[in-house]
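Several structures are given next for inspection.
The following pair of complexes shares a single chain, chain A, combined with chain B in the former and chain C in the latter.
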Partner chain A sequence: MRAERPPLPVTILAVLAIAFFVLPIAGLVYRAPWATALDELTRPEALTALRLSLVVSLAATALAVLFGVPLAWVYARVPFPGKNVARALTTLPMILPPIVGGVALLFAFGRTGLIGQFLDAGLGLRIAFTTTGAILAAAFVATPFLVLTVEAGLRSMDRRYEEAARTLGASRWLVFRRVTLPLIAPALFAGAVLSWARGLGEFGATITFAGNLPGTTQTLPLAVLIALETRPEVAVMLSLLLLAVSLVILIALRDRYLRFS
Partner chain B sequence: MLQADVALRLGSLALEVQLDAAPGEIVAVLGPNAAGKTTLLRALAGLVPLERGTVTLDGVAFDDVARGIRLPPERRPIGVVFQDYLLFPHLTALENVAFGLRARGMGAREARIRAGSWLDRLGVGETAETKPRALSGGQAQRVALARALAIDPRLLLLDEPLAALDASARGEVRRDLKRHLASFAGIRILITHDPLEAVALADRLVILERGRVVQTGSPAEVTRRPRSRYVADLVGVNLLRGTATGGHVELPGGASLQSADRVDGEVFAVIHPRAVALHRARPEGSPRNVWRGRASALDFQGDRVRVGVEGEMPIVAEVTPAAVRELDLAEGGEVWVSVKATEITVYPA
Partner chain C sequence: MRARLVAAVVAALIIGGCTSPTAAGSPQINDVTVFAAASLTDAFNKAGDEFAKTNGRVRFIFNFGSSSTLATQITNGAPADVFASADEANMQKIVDAKLTDGAPALFAGNRLAIAVAAGNPKQVASLADLARPGLVVVLAAPTVPAGRYALDSLAKAGVKVTPASQELDVRSVLNKVALGEADAGIVYVTDVLSAGARVGNVAIPEQQQVVARYPIAIVTGAKGRQLARTFVDYLIGADGQRLLAGFGFSRP
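And now, the complex of A and B:
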């Protein structure tokens, strides 16, 4: 790329744009109680939220991988009528306001919901306002990231390796496990990390569908909201923690898997 | 014994090929790019479905469209060495070779031992723990051959086995490949666009053009009696087609040739460029075939020059650089062309 001197208005607006994104972070860093940082992060309510967030986000990532990889495979390889509609519906949570997702989940899996009423009546199974609910809410918003990334990986891989494996005697299932999955491992890893990050930050769908119960459904972002009213220092430290995690992911993935340029 | 009668369409290619191979035979399928060579190989391996036809190996039908038989690739005893070799990048050379054995249910320990001995046998035992990206082209080719042979196939298919190598390595790898191919007892079918490779490695050539077999025979037969422009160009001879009565060959467009060969009917006539003489004036004496032309393309080949002569009968002549200057060939000079009747080989088309 050739270096070019920008017109003055462009320079000013670009600098303002950077400031707009950097200032909030500076605000957090400025307000952070650095002297007591570790104490704030290791308060019981913070630790509980942290532990729950890890459980929920990792479980959601596991669900995303378990169901997302086969879905991506079908999208990448199998033509079927209504595929575009199906893809649109499974991508929707990426741009849907999360609270709408939460409401929708509630009317599907809630106690009186489409499926939930049978689960409740028949199996005594309740999903809404449980940790399972929080996991489902996170998986709902996180899975599309994995599907899109893995589908791109499947489309760009050289399928002749799979043919080579077939001629060596491998069944389709063996080819999938021993050739396809290893070859798309970078895309799978990137997709899993992205969906984990999305699940970790999930707020709207979780609070709507799973509530805000400490120890059960109160994940980090929800704890930040509560702490903001009671102990702002904790909110600041938890926010910085989430921010640090996101930043690390972005930097780690940028060069290898995410194509910005 | 392989008997294949394969018909399928893929994009603009319409493949319609009959191919038989006897046990122990090495067959080279030779043809220009996009002739359908790789598609033919993929059809034999079961990687593309036939539209019509059959593939039978030693009496067992792998494909029979009419009877609804289509054996999936993993159940065919066929080893394939792919173009670019396609070694699994995430596995070591040893694991690549062991892959087929494991897929066929062999235990991990035994598969590793067998794979190791295959690598040794092909002279690349030291690469066992190496990933494909760190192998040289020649090593990768041998690992790919070991991987294909380890499953004990009855038919070995090789797709352009030398094309991925740079020219300096090709000669040596070709000699090794010839030796390793000789040690395998089954049928070997080699796909190539390189006539040298085909002649060096195969007992029999099958010339494929635009999805059809245009000629088959031993390398000597094919080069002596080309039946297509493609082969004639490979061999470097002039190929003409016409109708013969006695030794007189009528060509399309009204020109005719006189040959010493007595054949009747549709014929090919082959004239080696060395046998085509060029003159400034109409030659006197014995040549039976004389016509006028104008030099067009010049192609320098060492101490010889190939001259394309346009005219009522376009032909390529081979002359010395001195003749180019004397006859003003570089400036598109008018010349007389002569060919002796005894220099024109005529055979049925």
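And now, the complex of A and C:
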């Protein structure tokens, strides 16, 4: 790319745009109790939320990979009627207000929900108010990121390797595992990391569907909200932690999420 | 050409954002922004309508939430004209931050009740029943007035409850019960009344009761100060008290 001298209005507006995003972060950094930062982060309520958030976000990512990769493969390779509608439906959680997602999850998997009533009556299985519920909420909002990224990766890969493997007698399943997956590994990695970050930040669907209980469903973002009213220092430090993690992810991935999606 | 267009749009947005949208000549509509405890939702919506009938061009902007959230918002500079809290502790935060215009006044009282699914299928009869294993009980978070009152009440009854969730305000507790997601929750008497047939009511006996007292105050620098004052006087006065009583609130 050739460096270009931007017109003055463009420069001014671009700088304002950067300021708009940087100032809130600066606000957090300014308010942060740096002297006691480690104490705040190692308070029991913070540690409990941290541990739970790790479990929930990693489990959600695992679900996203397990179900998202096959879905992306179908989207990229198999023509079927209504594919655009199906793709729109599975992308919806990306732009849906998370609270709406939470309400929808409740009406599907809640105790009186579409599926939930049978799970509850038949199996005695309860999802709302459990860590499983928090994981489902996170997976619901996180999976679309993986699907979009992996589908783009599948579309841009060189398919001749797969064809060569097939002519050499490899089964479809073997080709998928030994040729396709390694070839899309970068897209898969980027998608997994993006969906992990989204799952880590999930709030609205979690509070609506899974509730808020320390150690069970109170993930980092929920702990931030509660701490804001009782121990603002903890809230600020937890916010900075979430922010730092997300920032590291975005910097490490550089423009990968742009290239694949 | 295009740059000029962009500049014009930006300028229009900036200017548009700075000037008041009321057209010259049309009578002024006065906004009153009221931050009120979630349990006041129905009562205040109605009170706003009633007040507007006799006080002309007033528009209420309500922000309902847990009193602790609202207090945090106000101390961080949220533009409230009136603050009505479900407890005195959160009002005190505003007083301590020197953000009240005049002393807060108590204007309502409330009591606790157990909300259960309509028809009470789990046959909950008392606070002690909430400790029953397998019963899904939700409470408001201990940071929220309703959550603290609930813990006080449970302590008086000598009952230890493991909640399935600590909701962010009392209305979320009510909704979880109304949706059938929880078997029972401790809310205010007024919440059970407002839910009508959607939930059942289990009374809490007098010796285990906790009385909630609601203070109200004008927030410093209120834009609609005069109108806000009139609204507070209306709530404290006979008409306001009658309206609040209709929603199940007691005198403070």
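The rule we apply is simple: the second predicted complex is superposed on the first by the 243 of 261 C-alpha atoms of A that agree within 3 Å, B and C clash if a C-alpha of one lies under 4 Å from a C-alpha of the other, contacts with A are read in each partner's own complex, and residues count from 1 in each chain.
Throughout what follows, contacts are C-beta pairs under 8 Å (C-beta built on N, C-alpha and C of every residue); 3 or more make two chains touch, one makes a residue touch a chain.
Treat the numbers as computed from the prediction; the structure is a model and nothing was measured.
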item: Chain B versus chain C as contact partner of A:Glu4, first or second or both or neither; value: neither
item: Partner chain(s) touched by A:Gly169 [first = chain B, second = chain C, both, neither]; value: first
item: Touched partner set for A:Leu225, first chain B, second chain C, both or neither; value: second
item: Comparing the two partners chain B and chain C, which touches a greater set of residues in chain A; value: C
item: Residues of chain A defined as touching chain C within the complex; value: 7, 9, 13, 106, 110-112, 126, 128-129, 207, 210-214, 217-218, 225-226, 228-230
item: Residues of chain A that touch chain B when the two form their complex; value: 158, 160-161, 163-171, 174, 178-179, 182-183, 185
item: Touching residues on chain B, where the partner in the complex is chain A; value: 42, 45-47, 72-76, 78-80, 82, 86, 88-90, 99-100, 103-104, 147-148, 151
item: For the chain C and chain A complex, residues of the former touching the latter; value: 3, 6-7, 10, 68-69, 71-72, 136, 138, 141, 143, 163-168, 176, 179-182
